């Protein structure tokens, strides 16, 4: 990584870690191909106590969005209410009343998966496709997140880097987590990361954001993965990675004039499924308590046709 | 059940099958309380092959909604596209491009859970609360579906009534499935239903709707549970039930002048979590092939604060 | 017009009636340039009785949209209600209560203006610009409808073709109104059409749609302007034209294999402001009664930044 | 006005200035009844030069909303783009391309009218109706803003208080404009206010908000009408009033523990149509230049069925 030459660094990593063609020309799943039935059997065997954890933030107006790129927090409104039902406004017979509701939300507003059509590199989408042909105003015509709908269930692994090397469980903003630190965390927590795993990296920043607010812009300074972890993300053959931060990689980015360069390698070239703004705190506390850092994880995106992302409520079961 | 007196029939069932107070005055989970850690261990042990199934319809404009009670199909639009990225419109450095999207949808528009605040009986919500105090235009202030976020993962059981007693796998519209038929189906398929289970009842109607269209109104004639199954829903102590139809219970309803009377008993009185418009066809074909009708099921609602329902992508793993 | 060769016919009309460059390279107003201050003085002088008419349909779920190209009817929901206010849920002091609301709607869902960025011809937008540079997923960056915000107020002229040559005030579906019929209508109704006018053409179809429903698709068969009126639209130097139909021009279109060919000439080449689904019935009845077919008309689009259309409530005053 | 007793002050003003019953029990227009045909003739005669002004802010993400009570800025997205059209994605014949768009916005998000169902006093809506029966989650069933659709066109009067008594054209935040100051401004500017007028009060705060930002909350400190102007609003028999501020009345409100007390009198008791966040700056500059402070004004709300407010693009013509 040459901090003075982001373009060359990105191009080098893109070439070194490309999975283009690895699963055929028609592939729509990327690294999710690594998550096979054997891995699911291995994951299910991790359910020992039967305790379950939601890894999702609540979806409401108290979320992180401030308007950047027209991203708002979710707006949830009622079509019918109990107040109206009790007042007899609804016209149903025999005392029936009902409530209905509607939501308007960016698919990137809170706990989410980034689909394969979310990021491009020089006009190229995942598997080398022409971005202009893949994602139009009709949505992602090829790699829409609906294709992943049945598959995101397997072995989850938590790397609680905040707890392992942070202060009071938190890494500071701007802290770039390296491959060495990921490996050291796994060792310290007695867990191995391998092919087909769903890896969760906790930095502790969400706890801080909840305590202190998200500030002027959800994409502001934060800890996150270093650009240099691209090789690890590729070489471990993990199926997906998620963090408890807005943008997965460290912010500000490590190049003076770049924007989310690790995304630019990880999504279009590695074909990696990336989760953001996951709430890992309750699960992490449990893992710290019982010393078990792997579990069964289901994190199914909503199959919104042509979507380049999806809100998700990931469920870990130990 | 007295077909000439719906009000009395509903009142009788409501009284007979009430779970009010069963889990304390502050309960927000209803029958989901039956789904405990032991049940999750039992469910996880059902993962034998590692194959996973999505039980969700795709969320798009081809859905069932026709405008009734302001319910539309999901409207998914793009904030940024690959076409724009390729055209260099986005202003990111070093060739980075991106796509973002937004959705507007009723929470009852497609594959969904009905939350405990979705239906009332004579102004009463689940656990005997005053509906007017529970669900206002700010949403469900007490039993919002966010409270269920971590818990809906356990043993799933498929009762494929369409296959067991229908024609070509489908029950006709207006067919009211009785307790006897549910029991006979379970026996024929070699599966037992019990406390804490997540029960999926397949009628075959979704396959028909997909083939022939939803018609003028998604809530039109359909097979579904008979009003008389209220006792079974209560007595089996299942955690949740879901069907492949718009409205879970038979349509037209069995009383001349009623509207969704089984909802009126099941949600506010039994506290039952109900799923609708689930796509059970791929799972059912697999169950028919291997003769195994129980599995691990995760069906976590999005934790939308105060929501009375949620779209869901349920994942069954066998 | 050669019915067997739509491409050539469109190209010929586009060339013959082009206004590209007429108002300079930076123009964002098109024919609205014809509506000058003198014309506004002329229009204001037409206010004789002081009676006003709304020419807008109501915006609600009973509108014409059926889902074509993700167009829905407007979904209007409440953020706060009187029911909640009366129940004391809102927390305001001293008895204050309030109601707020939200709308989600396509800008093309009902009574509307088509902006200059709404239609392109072979990748060219109004004034010869590259459509790909003008309208991105950020909206119309050049000719957004906000630029027209102050100007759409002037002399309105009603040509009630339905009344002049139809049956019971209505033209049949598929009826192509010609220049001769427009001229004859104007003469019969004693009104002249000229430079800078806002011309309203009533076919009577909206009355029929309201009576009989919009059918399966709002863009189905309807009366409307013939493709051959392109010359008249150009030569009269009118500022804008609006009709009481979904699509302004006759449907089905007059070429076997075309789609809205008159739009393709009128918007990108003539730079003409086009209104659709205007409700002209009350105004038309008044004009028939008093024999006066011109009036003061204000029809200001909402200045939605970058919009290619806008809902509008046009107000005619006689 | 007793600053130590807001409840009594509000009650006293409500009683003193009530118009309940003035236009019959079925009235849905309130003070808009004052705007009659004679007033429209008078207004139209004010068109002398033919120059027109939009009094609307642009509707986009740069607006004043920060999320209070789930109010967001307008989110405008594209269903089709020129980029897609140029790329040949749309499937229309003969080179036709198109762009469509969608908006999601609170009706109170920017330049707007407050409808008669927007504010209640002790559970009472305009004309003494029960708020709980008037505005449900289905919207305003009685006084929805669609009823006003044809009528809001008449004589406009600008009272530029910012210019008359402010500094550099602006009143400071927290400045409560009194009846005396309104009268003095009218006299200084040579204009009379009377029955049926549409009165625009400029404070200069919008210019400041545009220059310095809206701050943390659009409803923060601002100049505006004093609570004591209730009598003037009632006695002048004006049809409507609008200001260039978020909330029309001075903020913070003049009572220690009140919230928008003048609204509480003006809307439910006077039946007054109130406009907020109007951009009066260009018009005001013109009025200062030519010394003419009255004009023709059309400010038609969108007839959204059951709405308690509407975005509006008011057009003044001089």
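Quick notes on this one:
Order of writing sets the labels: A, B, C and D. Residues in every chain begin at 1.
Going forward, contacts are C-beta pairs under 8 Å (C-beta built on N, C-alpha and C of every residue); 3 or more make two chains touch, one makes a residue touch a chain.
For clarity, every value in this text was computed on a predicted model and none was experimentally measured.
Common neighbours of subunit B and subunit D under the contact rule above are A, C. Each chain gets one centre point, the mean of its Cα atoms, and the points for subunit A and subunit C are 45 Å apart.
Computed from the mean C-alpha positions, the centre of subunit A lies at a distance of 26 Å from the centre of subunit B. Residue positions 70, 75-81, 83-84, 87, 89, 102, 104, 132-133, 136-138 of subunit C each touch two or more of the other chains.
If you sketch which chains touch which, every chain touches every other chain without exception.
Residues 75, 77-79, 81, 83-84, 87, 89, 102, 104, 137 of subunit A touch subunit C in their complex. Interface residues of subunit A facing subunit B in the complex, by the touch rule stated above, are 6-7, 10, 36-41, 44-45, 47-54, 56-60, 69-71, 74, 76-83, 85-87, 92-108, 117-123, 125, 130-140, 146, 149-153, 257-261, 263-264, 296, 298, 300-309, 311-315, 317.
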